[in-house]
Amino acid sequence: MIPLSHYLIVSAILFAIGTAGVFLRRNLITILLSIEIMLNAVNLTFIAFARQHGSVDGQIIVFFVMTVAAAEAAVGLAIVIGLFRHRESLNPDAFTLLKW
Amino acid sequence: MFNSSFDAVVPMVCVTLAALAVMGAEAFRSRGESLPVGGLGIVGLAGAAMSSVLLWNRNAASFGVIVADNFALFVTITLVLVGILTIMFSSPVVKRDGLPKGEYYTLILFSVAGMIMMASANDLLVIFIALEILSIAVYVLTGIRRDDPRATEAAFKYFLLGAFSSAFFLYGIAFTYGLAGTTRLDRIGAFLAAQSMSDNRLILVALGLLLVGFAFKISAVPFHMWTPDAYEGAPAIVTGFMSTGVKAAAFAAFARVFLSAFEPFSGEWAPVVWWLAAATMILGTVVGVAQSNLKRMLAYSSIAHGGYLLVGLVAANQVGKAAILFYLLAYAVTNLAAFGVIAMLGTKDAANDELRDYAGLWHARPALAGLMTVCLLSLGGLPPTVGFIGKWYIFSAAVGAGYYGLAIIGVLTSVISVFFYLRVVVMMYMSDRPATAVCPPVSTVGMVALVASIVVILALGILPTPVLTLAAESIATIF
Amino acid sequence: MLTLSWLLPLAGALAVMFVPNADGRRDGVIRWLSLVTAIGTFAVTLAIWGGFDPDSAAFQFVERVPWIPAFGIDYFIGVDGISLLLVVLTGFLTPIALLSSWGSIERKVKEFSIFMLALEAAMIGVFVSLDLFLFYVFWDAMLIPMYFLIGIWGYDQRVYAAVKFMLYTMAGSVLMLIAILGLAYLHSSATGVYSFDLLKLYALDIAPQTQTWFFLAFTLAFAIKVPLFPFHTWLPDAHVQAPTAGSVILAGVLLKMGTYGLLRFSFPLFPEAATYFAPWLAVLAVIGIVYGALVAMVQPDMKKLVAYSSVSHLGFVVLGICAMNVQGVQGAIYQMLAHGVSTGGLFLMVGMLSDRRHTRLIADFGGLKAVVPKLTAAFLIITLASIGLPGLNGFIGEFLILLGAFRWDPRFAVVAGLGVILSAVYMLWMVQRVYYGPVTHAENATLRDLVPREWVSVVALCGIALVMGIAPMLFLRPMEASVDALIQRVQTAQTLRVKDDGRQKSKVKSQRSENTSEPLDHTFDF
Amino acid sequence: MPETLIFYLLSGLAIVTSALVIGQRNPMYSVMLLIASFGALAGLYVTLDAPFVAVAQIIIYAGAIMVLFLFVVMLLNAPQEDAAEWDRTHPLRQPGVGRFGALLALLLVVQLSWALLRTGSVEVPVAGAVDAETISSVRAVGRTLFTDYVFAFEATSILILVAMVGAVVLAHREGEER
Amino acid sequence: MLALIPLFPFIGFLVNATMGRRLSKGLSGAVACAAMIASFAVAVMGVLEIAGMPADARVIEQTVYTWIASGDLSLDMTFRLDPLGAVMVLVITGIGSLIHIYSTAYMHDEVDSEFARYFSYLNLFAAFMLVLVLGGNFVVMFVGWEGVGLCSYLLIGFWFRKQSASDAGKKAFVVNRIGDYAFVLGMLFLFTQFGTLDFARLASIASTMPVEEGVFGAISIATLMLFIGATGKSAQIPLYTWLPDAMEGPTPVSALIHAATMVTAGVYMIGRNAVLFSHAPETLFIVAVIGAATALMAGTIGLVQNDIKRVLAYSTVSQLGLMFLAMGVGAFGAGIFHLYTHAFFKALLFLGSGAVIHALHGEQDIRNMGGLKKGLPVTYWTFLIGALAIAGVPFLAGFFSKDEILYETFHEGHTLLWLVGAITSFLTATYMFRLVFLTFHGERRHDALASEPSHPSDSAPSHHLHDAPPAMALALIVLAVGSVLAGYIGVPHALGGHNQLAAWLAPSFQAGAAVPEVGGAEALSDAEAALELTLMGVSSAIAISGILLAAFVWVKRRSIADAMARRFSGLHRLLLNKYYVDEVYDAAVVNPVHVMSREALWRGFDVQVVDGAVNGAAAIVSAGSGILRRLQTGSVRTYASSMFVGVIVILGYYLWR
């Protein structure tokens, strides 16, 4: 049997990959995807714990997380479109009007 | 009427219904006609306030995840106040800047509903959802002026970092759930009380991650960096709204989670919050000194004020808890009024929110200048304004708990902050009005709201007792 | 009655606020309204003096209304011999200051009057409040109108001076706020309830180390206000830049708050710490006396000169307080009053000159005696008063202070005495350069002598100076009992402590253990 | 033993694909790879006796959300990251910051795994006392969802509403002001 | 009743000060004189009253009210008239009245308001001076002490348009202040030691204490302090420099304040505290030495001065020196006696010089005078009498008093001091007659150069000299008579006199009701009588020879004077520049203090250090602000990393602390 910790470590790795993506990529869409990866990593954690506790709460929470992810994605993409309209770029470094 | 098991949700339901009503009205109105949708919103908010008053002292709870204890209700009333003032200040702005009226008010109301939910949630998952509701609404409000690149950029930064931090927050929730097997705060508290502090490092990880999530929302250093940009880019009144409402809701949840569920671990989080508070106060004030844009300056000042609130959280004694509530109210009214003034002075094409735009305002608009001065003095914590009482309350909590260090940092930073508030006063009173400067006409509604909030500021500054007692009662039932 | 004394000017300010005066056509109305209010206030203060019983050391005209019960904060006011005359002084100087502004302030008269009256209210509030919270509220509230007075109606460097004044003073006072809170907390840990009531806090006995910290916090605030060397640098700027009325109030009343605070709070609240630090304070005071005088001597600017002379004179006051014997303290209080009158008068008349000539540089004057004999005579009288000529008000205070200091520790008196010489040097030198000699500048030849309005206030000041010099008992009598009581308190407290130190320690420890949260003094190592 | 093998296979697949997602310059590929990794995760969910979530994962995530992303990618038609160098004058704008972030991410992994491995309570086999049926049954899920989580469920509806309104406000074209 | 004595002049002051500029000259002058004469009358009555009392109880005391009371300190506004006070009061009011009368004429060229101002000052001075001498305790005395200082300041600077005048006034006040500083300390010390400041009580307490023979105890310190105060007021080394400059004032003022009354206050003060001082022999010795030294030095300077008033000023300093010498050797009676006689002839001389200056329209340089004998007979003869008196020619006022001093000095065994005294009196005779001869004898030199207007009383210069107008003449003559006769109340026993003055004064120098020893009754041993006679002879010889020398040098052989001046040019210049004392003071004290204050304290410490620290704090804050704000790069990635760092740090803290 696989110990719970393995699942958790996998999710931790995924989470870290997501964060790394936020830093490494210079494309807004990819950055959004990275955040999705992070959320999924959390989902894995929930499911794993749920399994261990033998309760369905975890699974249900995951549904909510998915919804939230969807909502965030919608708004986020809308914002990205707005940005792209202002300046034909998806590079986060392109947007530094506001500083200091 | 209040005795069903749905009592606790009534306030937020009122607000939500108002929001839906506004949406409907917008949807079914014929072209070109303009409805007093703002009024609808105010009605809903008033209903929420009324119901909260009726719910006072009844510790109602619904669905097991929403509690309407006095703490929640106090914050609810504060939030309702914020909402009403925001709508009143907005009405001229919306017309002026040609914002999509219906959507604007809808989002305001939804986010208020989310805030109320967050303040009265007794369940981490609900807190998370509420957080997302209000955040998404505020992201959109920030960027609601699509024609303005700065606004869009602000929205994007706020959104990206918000999503980023909420992922951490969620991760924290996940670990908490994994350890306690539940997301209900009361059960988590019971579980943690049973734990012996040291062995289980995972609890600390959960604690840390949740801390990060809240720290981002209250923009505590080093999770503050979105604040200045978002506040500067957003329309002034929206800035006022999020700097007060979001902070209040986040702090309410923060206090609830850390003072009830994680109370047993206060020994663990207190030192961290100590450092957060110190860093926040110092950085907020120090960087504020160098700002030349009023909104940005007030953004840093609001960071600093978050620091003062954290002091109350660290102190974590009865005084401190009550102080947080009182300070939230004081800060909300004052800051919102200040941003109201900024909003009034803006025009469609020019925000007029640079410091130099205020030169000699006194000569052109004596009344506005005077009211703005009162707000700034209150932010600076000078008597006889509510700001002074709030600061005094917070610091007495810190001293009472023996945190002299924090208290001293607090007072010294507040002196520095007075310096940059005074820069505005100097501009308004002690320099001459450039001939080019324009003064947009002042709207009646806005003026009414402004005067009202100034009255509140002074009244609570001189006779704070009733509200202080309320605050004390609010924390008496829980924690 | 006492409430009236500070509520009346506030009401006046509100009344003025509602006089519509956008175009400045109603300036006259406003001026008269505010002046009448101020005079009324003066009448009230006089009435209080009249009703004051000089034989009792207790606080009189006491009023106590619960304000923030949760923290034992009351609206608790009253006067004793120490504060009584300072209240009267405030009442006396404000009308004069207002009157002086009639000539000099043309711009924004309405706001000016509002700020002046608000300032008076706050100042009287500071002197009468017996609740530390109330005291602090007034103490800080007072800064705001003063800040505007300097910043709006001041001279060219006004903004810098105003901000410096504000921040300097605040920086000092916020630490006092912490100390006040600490006291209230100590009270709660000793008795279970918070209290900001001065009298209750007097009764508290506090661990020596704690006393040290709190004493320093309080005293820093007051030392900056006094201003005690080396915390004095805000004063020249503020004085020089403030409008005449502002300077008069600043010198006449505001500075007294520092010394008043020392008398009312620092010493009686923390007797041991006070006795430990008194010599150090005295050293600073004495340095201040000589230093202020020397620096005043070389000032090219009349206002600056007078400002530095204030540093020197208030050094005397602090010295007297540190001596903590009857002569010293009574002399100190008397010197406060005397300095209020004479320096207030000096600023008034310097202001008259600069109104006429739009310069304050001594070099721009000379030989004025031939042109403005009345002003010269008055100026000379006030000058002599401020250099402590017997028969005028300055002498009594200085003599008593020197006597008190001499009995405490002759060395201080010996050095402080030098101030007597130096004051003569710099004041007379200024008088000589400004009024004597030939008329050097053509534009001075046509200056206007005192107009009736100025004549009134000048005569009032000179008269008071004379009365205070000839019949000092009028003023010394009321303060006697209170001063004795104060000294009693300080001495007994420290002797008692010295007598049975052990009991104290244990007592303190026990009161620590009662503390609900952290014990009180480990937190001092932040 | 099969499930061990399956576990390592799926998790390996998930990790690799996710890594590739952030390794891609072309967002199109990233989306595709992400869908793959979601598939792998769904498999893991199945091994954790959460078939319903697994299905939802495929339908909602891979189906809906990712498609949304695809739409936007095509709409904006920005196949490549623009290599254009934006203002790098400020030290903190150097690309080094990115690598630093990645380094921190590594550190995060270390921290978390360290914490996990030092925590006894998670060293137990993932399948606890309860047998699979009780938690894998859709009925159980449904019942809990509409009893304990009904409020959250309602709240979510508001969330989606807000998101809709927001997306409309932000994204609808200029000029067509009503 | 005593209060009336100072009150009258004070009223006069008020009248002239308030409505002076509306009064005519005649009126304001009359008011002033009336005030003085009235108080003279009251004074006489008072003196007669105490004269009627038994010798050991001659005191009238009047307590007006309690002035300052604080703790154990209680100061009454007390006036006390005793023999010593009586002498002083009579001198002040009497001579004061004369000088007032004289002034009505002398100041007649002033405009009304200035005239009134002058008399108001003069009256105020008289009032304060009377308070000084009548004061029953130190603080009341100090009131007068400071008050007369003030008036001298005002009167010296009366012609305020003259830079030199206002300088002199300031100098006088400041130098006096230095003395007062010591005086105040002395008072404080006395109070802390004895718990009272009342003269009588102090005396009675002190008399019970041992004489501090050879030890420098409490009383010695206190008295020394007081004496330093006296050196300021009475122009002794080292604080004498203000008096010569004080001659900038109108001449009658010099006569009244800087010759007859104020400058003698120090002597009076010592006499008033005779008991204290006699318990501090150490101090007394210092007093004597200082007095002698001053006398000698001033005399030498007087020898070469050319300004008629300065010569008189230095002679005043020197005479005051003699008085202190007397006090120092314990001959209090003698000192006061000389004070009294000196008042007459020195006032006379000043007024005479005033008449001369008046006649010459402000000319003060004796080199431009001469041959005025014919032009100004009255002035000449009265001046001559004054000169003879001060020179100590037998059987004039100065003779008796100076002689008593020298005798007492010798008798007390201070031979050296006696020698100095003798030399001084020789010098006195010499320079006085140099003055007389240069001014009145020889040929007229003053019309040669037109006296340029240095003095507002210069109206159209008329060439024929007009002698003193009646008012002035009156004063001159009365004083001349006084200068002749004043001495006869103190005729020493050696000459078969009874020295009534000494007897009269004696009680004032004892504590409480101790019996006078120097009663007029007791007789001298022959030896003492012989010694005294011898000394008299010597001193008269000295006087005469001094006069003769002067006559020889400045009448017979003018050349010698110039020759000497050329011969000892160094010495001459030294004397002419008064030993450069002023210059030394300026260089050693005044300038350094000024420079130090301006550069080091103000521009250095105050602006740089203290304010530097203050503004430095502000600068640091804003600098930090400038740096920290740079962290806000605007790049969202930076923000994210800052957050992430936060996360890592917090987790790290929890995991690995």
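By written order: A, B, C, D and E. Residues from 1 in each chain.
Please note the rule applied: a contact is a pair of C-beta atoms (placed from the backbone, for glycine too) under 8 Å apart; a residue touches a chain by one contact, two chains touch by 3 or more.
The shown structure was predicted, so the numbers you read here are calculated from the model rather than taken from an experiment.
**Student:** In contact with chain B and with chain C at once: which chains are those? Just list them.
**Tutor:** Touching chain B and chain C alike, sorted by label: E.
**Student:** By number of C-beta pairs in contact, which two chains lead?
**Tutor:** Chains joined by the most C-beta contact pairs: A-D.
**Student:** If we define chain centres by averaging CA atoms, which chain lands farthest from chain D? Would you check?
**Tutor:** Chain centre farthest from chain D's centre: E.
**Student:** Report the inter-chain centroid distance for chain A and chain B in whole angstrom, where each centroid is the mean of the CA atoms.
**Tutor:** For chain A versus chain B, the centre distance works out to 26 Å.
**Student:** Averaging over Cα atoms per chain, report the distance between chain A and chain E in Å.
**Tutor:** The computed centroid separation for chain A versus chain E comes out at 98 Å.
**Student:** Express in whole angstrom the distance between the two chain centres, defined as the mean CA positions of chain C and chain E.
**Tutor:** The answer is 39 Å.
**Student:** Based only on mean CA positions, could you tell me how far chain C sits from chain D in angstrom?
**Tutor:** Distance between chain centres, rounded to whole Å: 69 Å.
**Student:** Find every residue in chain D that makes contact with two or more other chains and list them.
**Tutor:** Within chain D, the residues that touch at least two other chains are 93, 97-98, 100-101, 104-105, 108, 111-112, 115-116, 119, 122, 148-149, 152, 156, 159, 162-163, 166, 170.
**Student:** If I count partner chains per residue in chain B, which residues reach a count of at least 2?
**Tutor:** 125, 129, 132, 136, 139-140, 143, 146, 155-157, 160, 164, 178, 201, 204-205, 228-229, 419
**Student:** Got the chain E residues that touch at least 2 other chains?
**Tutor:** Only 618, 629-638, 640-641, 644-645, 647, 651, 655 qualify.
**Student:** Pick one for the touching-chains graph, please: line, ring, star, complete, other.
**Tutor:** other
**Student:** Could you list each pair of chains that touch one another?
**Tutor:** Inter-chain contacts occur between A-B, A-D, A-E, B-C, B-D, B-E, C-E, D-E.
**Student:** Which positions of chain D touch chain B when the two form their complex?
**Tutor:** 111-112, 115-116, 118-122, 148-152, 155-156, 158-159, 161-163, 165-166, 168-170, 174, 177-178
**Student:** Spell out the residues on chain D that touch chain E in their complex, using ranges where they run on.
**Tutor:** Per the stated touch rule, the residues are 90, 92-93, 97-98, 100-101, 104-105, 107-108, 111, 114-115.
**Student:** Quick check: in the complex, which residue numbers of chain B touch chain D?
**Tutor:** 9, 16, 23, 31, 62-66, 98, 100, 103, 106-107, 110-111, 113-114, 117, 123, 125-126, 129-130, 132-133, 136-137, 139-140, 143-144, 146-147, 155, 178-179, 199-202, 204-205
**Student:** Touching chain A in the complex: which residues of chain E?
**Tutor:** 629-630, 632-637, 640-641, 644
**Student:** Quick one: in the complex, what on chain A touches chain E?
**Tutor:** On the chain A side, the touching residues are 19, 22-23, 92-93, 95-100.
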